[in-house]
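All chains are identified by letter, namely A, B, C and D, in their written order; residue positions are counted from 1 within each chain.
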Amino acid sequence: MIFRVYVNFKDGILDPEAEAIKQTIANMGLNSVKNLVKGKFFDIEVEDKKNYLSEIEKISKDLLANPIIENFKIVKK
Amino acid sequence: MIFRVYVNFKDGILDPEAEAIKQTIANMGLNSVKNLVKGKFFDIEVEDKKNYLSEIEKISKDLLANPIIENFKIVKK
Amino acid sequence: MKKEITKKILEDHNINSEEYNMILAIMGREPNLLELGIFSVMWSEHCSYKSTKKWLKTLPTTGKKVVCGPGENAGIIDIDDNDAIVFKMESHNHPSFIEPYQGAATGVGGIMRDVFTMGARPIANLNSLRFGDPKNEKTKNLLRGVVKGIGDYGNCVGIPTVGGECFFHENYNNNILVNAMSVGLVKKNKIFYSTAKGIGNPIIYVGSKTGRDGIHGATMASAEFSDESENQRPQVQVGDPFIEKLLLESCLELMNEDAIVAIQDMGAAGLTSSSFEMASKGNCGVKLLLDKVPCRETEMTPYEMMLSETQERMLMIIKPEKKKITYNIFQKWGLDAVEIGKLTDSGKMELFYNNKLVGTLPIKPLADLSPEYDRPSIKPKKIKNYQKKKSTPKINLEKVLKKILSGPNHSSKSWIFNQYDSSVMGDTIFSSEMADAAVIRIHKTNKAISVTSDCNPIYCKSDPRLGAEIAVAESWRNLISTGAEPIAITDNLNFGNPEKKEIMYEIKEAISGIKKACIELDYPVVSGNVSLYNETNGKSIFPTPVIGGVGLIKKLKYATGFKMDDDSSIYLIGKTKGHLESSLFYEHLKIFGGSPPKVDFKEEKKNGNFVKFLAQKTELLIGCHDISEGGIALALAELCIANKKGIEITLKKKNPEKFLFGEDQSRYLLIINKKKEFETLAKKNNIENERIGFVTGAFLNFKNLFSISVDALLKLNSSWFKGYIE
Amino acid sequence: MKEKKISIVIFPGSNCDRDLFVALEKCLGTKPEFIWHNCSHVKSTDMILIPGGFSFGDYLRAGTIATKSPAIKEVIRFSKRGVPIIGICNGFQILTECGLLEGALIKNSNQLFKCEKVNLKVINNKTIFTKNYKSSEIISLPIAHSQGNYFIESDNLKKIEDNDQIIFKYSSDFGDVTEKYNPNGSVNNIAGISNKKKNVIGLMPHPERAIENFHNGIDGIKFFKNLKDLI
């Protein structure tokens, strides 16, 4: 079983990397792009043990995302 | 319109970060996790101009992904 | 699983028919694919030095201070008090062009492993970079990636990156050069070597798991690029500086335990070359159980395991009774350590997989009979457009200086070196732009070392022999300028395809130039690296023999940088004839070719020894800067920029352009307070000297000629990178 | 009186531990002890420092993985007892990631590692760590980081401001705290903060790299000498 955890910056946090990419896109003269948001994902393969869901949640909350700056979302693949 | 571009390492390319995360999960005693693969995503908002698809492709290939070590996939959201 | 070795397979392995015949003779039978693969990497240019071996042997490699010359992972010199310095430079040109970030990062990782393999803790890194024309579409990304790769790797491991060079020229458009140098400190009685000893001793593998990374990296570095090969790239190696840091600390910890018999990093050609080299040096055999090799990927074949170039791995021979402590230490650091074989007395390498013997190769013959070529060479024709100039055209000298200062090659490189952690370890006295060489204190002592890397490819193109002489002399001079005693060099020879006669000529000439300069200056070569086939679609790079020099500053108070006190005098040391051929000045006038300046080694030594004497035996020297490309004018401007202070220069010369921009060798600018004392000493030592000006105000003022404010200099000098990349 | 104990926690990948040791030894005349990251019981300590470097390679986010090491529980335990805790650079990142300090340190605004000398303005000189500084004193220290861009949500910013938790800000040598002197994009030029109780501080610059005459400045000496009364 694979779960995908998406992590991205909360609204209102200026993501320097996304800003740089947007700038570069503009410099490349590609003008159909209006906005760009960046994030990470983690595909976590788990064994079908009792507690796998709580483990994935713990991993997402305590490790993969920093709740001060990031949101996360867990999706079954 | 928003397109999401997924970028991740090609098979067989060492991802030191994913290795370190896996090790940490094991150290945290969370043992239902068998494997973890990491990637990035980019949500690109485009205007409905003629060439937006080719622009997204160009951005993905030339900017977001490094084709030597990474794959990318474009999905409409 | 016997496979027919076809012509195609031989081609893929870069083995010519002559070499294959030798293989057949050595094996006494047809090799299988695994064995052939091993031959191919061991006999690749990269590992066997087949085109240059004959000439490298001619280099002077011994001296009073040499502890270990070429042949080991790195060279070692004595810096007194049981301290020794381990250093080497290595290229990662091809990988960096393909994937600049990882290529450069793994270059830094590789050279640091060569240093700590010998028991030394790296204390300084340098890098020497050559990129294409800034306007070339690839250059910007290459520059970004390479610099970030070097920085991220060294910064993470915690070794200061303190110096280097960066040069742009269209000649490097499709073949950039990334040469990384690492310098380490070891106690002389705690040096580790790679000679395997003790039949039955276990062979231990430590570090990252093996993947299919860079299989055939060594053969790739030994073949020319074409547009096609850019597409069909072999797998890139990815660096893991965190694992490197763990390897560094754990190996140094184990080295305190008297457990290691021999140790060698797995560099180019990975497990193959490390095990072969260790065994061949110790005249033993090796039995490897490949099932034991930790693998990152599934279903890896023996061929892939033997040829993989996965980074951050080490191989060591351990005393059997020390296995436990060995495992304990690596476990503490969270690293895989596995016994993968034993030393035998068979003289052979026997490879087992699933209890089956899958390959057997004789070790000594494979190493000793590796090809050595005396490739034909021919002197290339002179560059056509060069005509000897009787007099230089009337030209606005101020404009030329401004152009030089604000061009890519002589702009402030702060965009680059601010990305490098230069202050970690707390011993950096001078880095980058504050002295002619970086100066690093030897931790907790009152002495320091001085390190530099140098090469002017324009000179080398015009005259590879003279160019190489100058590179060595300049590195010597850089060390002298910081108050150091120059001790020895490492060299990194970057050239095109040696199978072309003109290129082979350049190689031979450059090596003989290095040889001459090293002998004259008593400045031996203790390590080095050769990178050939830096050529794309038939177009070769300029000959680029990069010289990395190391010297000792016996007392911290001798250390000299670019410092200028207000009102102090500027003295010019050495003969100024105004050599303009091959100079920056001519480059700006688009006059190319012509001979570089000659080095008069008698003069070189005399002037150098005098500066050294001033630094060590007197308190007269406030600051010092050697004169190289761009002549006196650029050297003065650099002093103003470093100090944010002005200088007034009085010109008495008829041809100001010759005086300002001539690139005659063996010269220094000295900042002196006590004029009388200095002049008496100079006279006594028969040193040509002239007080050309003094430190004052806020302008670099060439009286009656032109004057530029220091603010303007700073601005000019810092603008190019900003405009280009930020 | 029993000699007091200073501890330095080392994680795999820490690389300023030696520099910090040397600085403490030089400036305070005491030899700190090292605590390895997997130590789950520290008997006693009177001050804990977390050094710079790249703990666990700084993978994921700088400092995150280190917070899963057993020694961090000990750091938290001692912090609750009021023991002074100092995090420098990676140490600062670890302290925010484990929640002892508020906010987060994200990538520098220009995305590049930056190694240079900066000026800092002492914003709060009333803490146990800074009481020997004059109010608004300007000191200069080196920085070397790629994730030093301090972020805190505006409500919380207000809180830590009101509670005088901001200790250092990047400034000009005359004390102007403006964008021009912000090396990494930090909110309000924040370079160092403390917790509410003011026994835990974190800062991005490296005082341990400014203690020798040949260093680029020696303002680190005073930073460490300030700690004299605490031990």
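Convention: a contact is a pair of C-beta atoms (placed from the backbone, for glycine too) under 8 Å apart; a residue touches a chain by one contact, two chains touch by 3 or more.
Just so it is clear, the structure is predicted and the values come from calculations on it, not from any experiment.
Asks: By the contact definition above, name the pair with the higher C-beta contact count: B-D or B-C.
Replies: Looking at contacts between chains, B-C has the larger number.
Asks: Can you compute the centre-to-centre distance for chain B and chain D, using the mean CA position of each chain? Integer Å is fine.
Replies: Once rounded, the distance between the two centres reads 34 Å.
Asks: Report the inter-chain centroid distance for chain B and chain C in whole angstrom, where each centroid is the mean of the CA atoms.
Replies: 36
Asks: Between chain A and chain D, what distance separates the C-alpha centroids? Give it in angstrom.
Replies: 29
Asks: Averaging only over C-alpha atoms, locate the centres of chain A and chain B and give their separation in whole Å.
Replies: 10
Asks: Could you list the positions in chain C whose residues touch two or more of the other chains?
Replies: Correct list: 240, 242-243, 334.
Asks: Chain A: which residues touch two or more other chains?
Replies: If we look for residues of chain A contacting two or more partner chains, we find 62-64.
Asks: Residues touching two or more other chains, restricted to chain D: which are they?
Replies: In chain D, 56-57, 59-60, 65, 68, 110 touch at least two other chains.
Asks: Which two-chain combinations qualify as touching?
Replies: Pairs of chains that touch one another: A-B, A-D, B-C, B-D, C-D.
Asks: Could you list, by residue number, the parts of chain D that touch chain A in their complex?
Replies: Within the complex, chain D contacts chain A at residues 60-61, 64-65, 68, 96-97, 102-104, 106-111, 149, 151-153, 185.
Asks: Tell me, which parts of chain D touch chain B in their complex?
Replies: Against chain B, the touching part of chain D is residues 56-57, 59-60, 65, 68.
Asks: Name, in rising order, each residue of chain B that touches chain A in their complex.
Replies: Spelled out, the residues of chain B in touch with chain A are 6, 21, 24-25, 28, 30-47, 49, 51-52, 55-56, 58-59, 62-64.
Asks: Within the complex, which stretch of chain C touches chain B?
Replies: Contacts found on chain C: 98-99, 102, 208, 211-213, 233, 235-240, 242-243, 296-297, 310, 334.
Asks: For chain B, which residues count as touching chain D in their complex?
Replies: Within the complex, chain B touches chain D at residues 16-17, 20-21, 24, 27-28.
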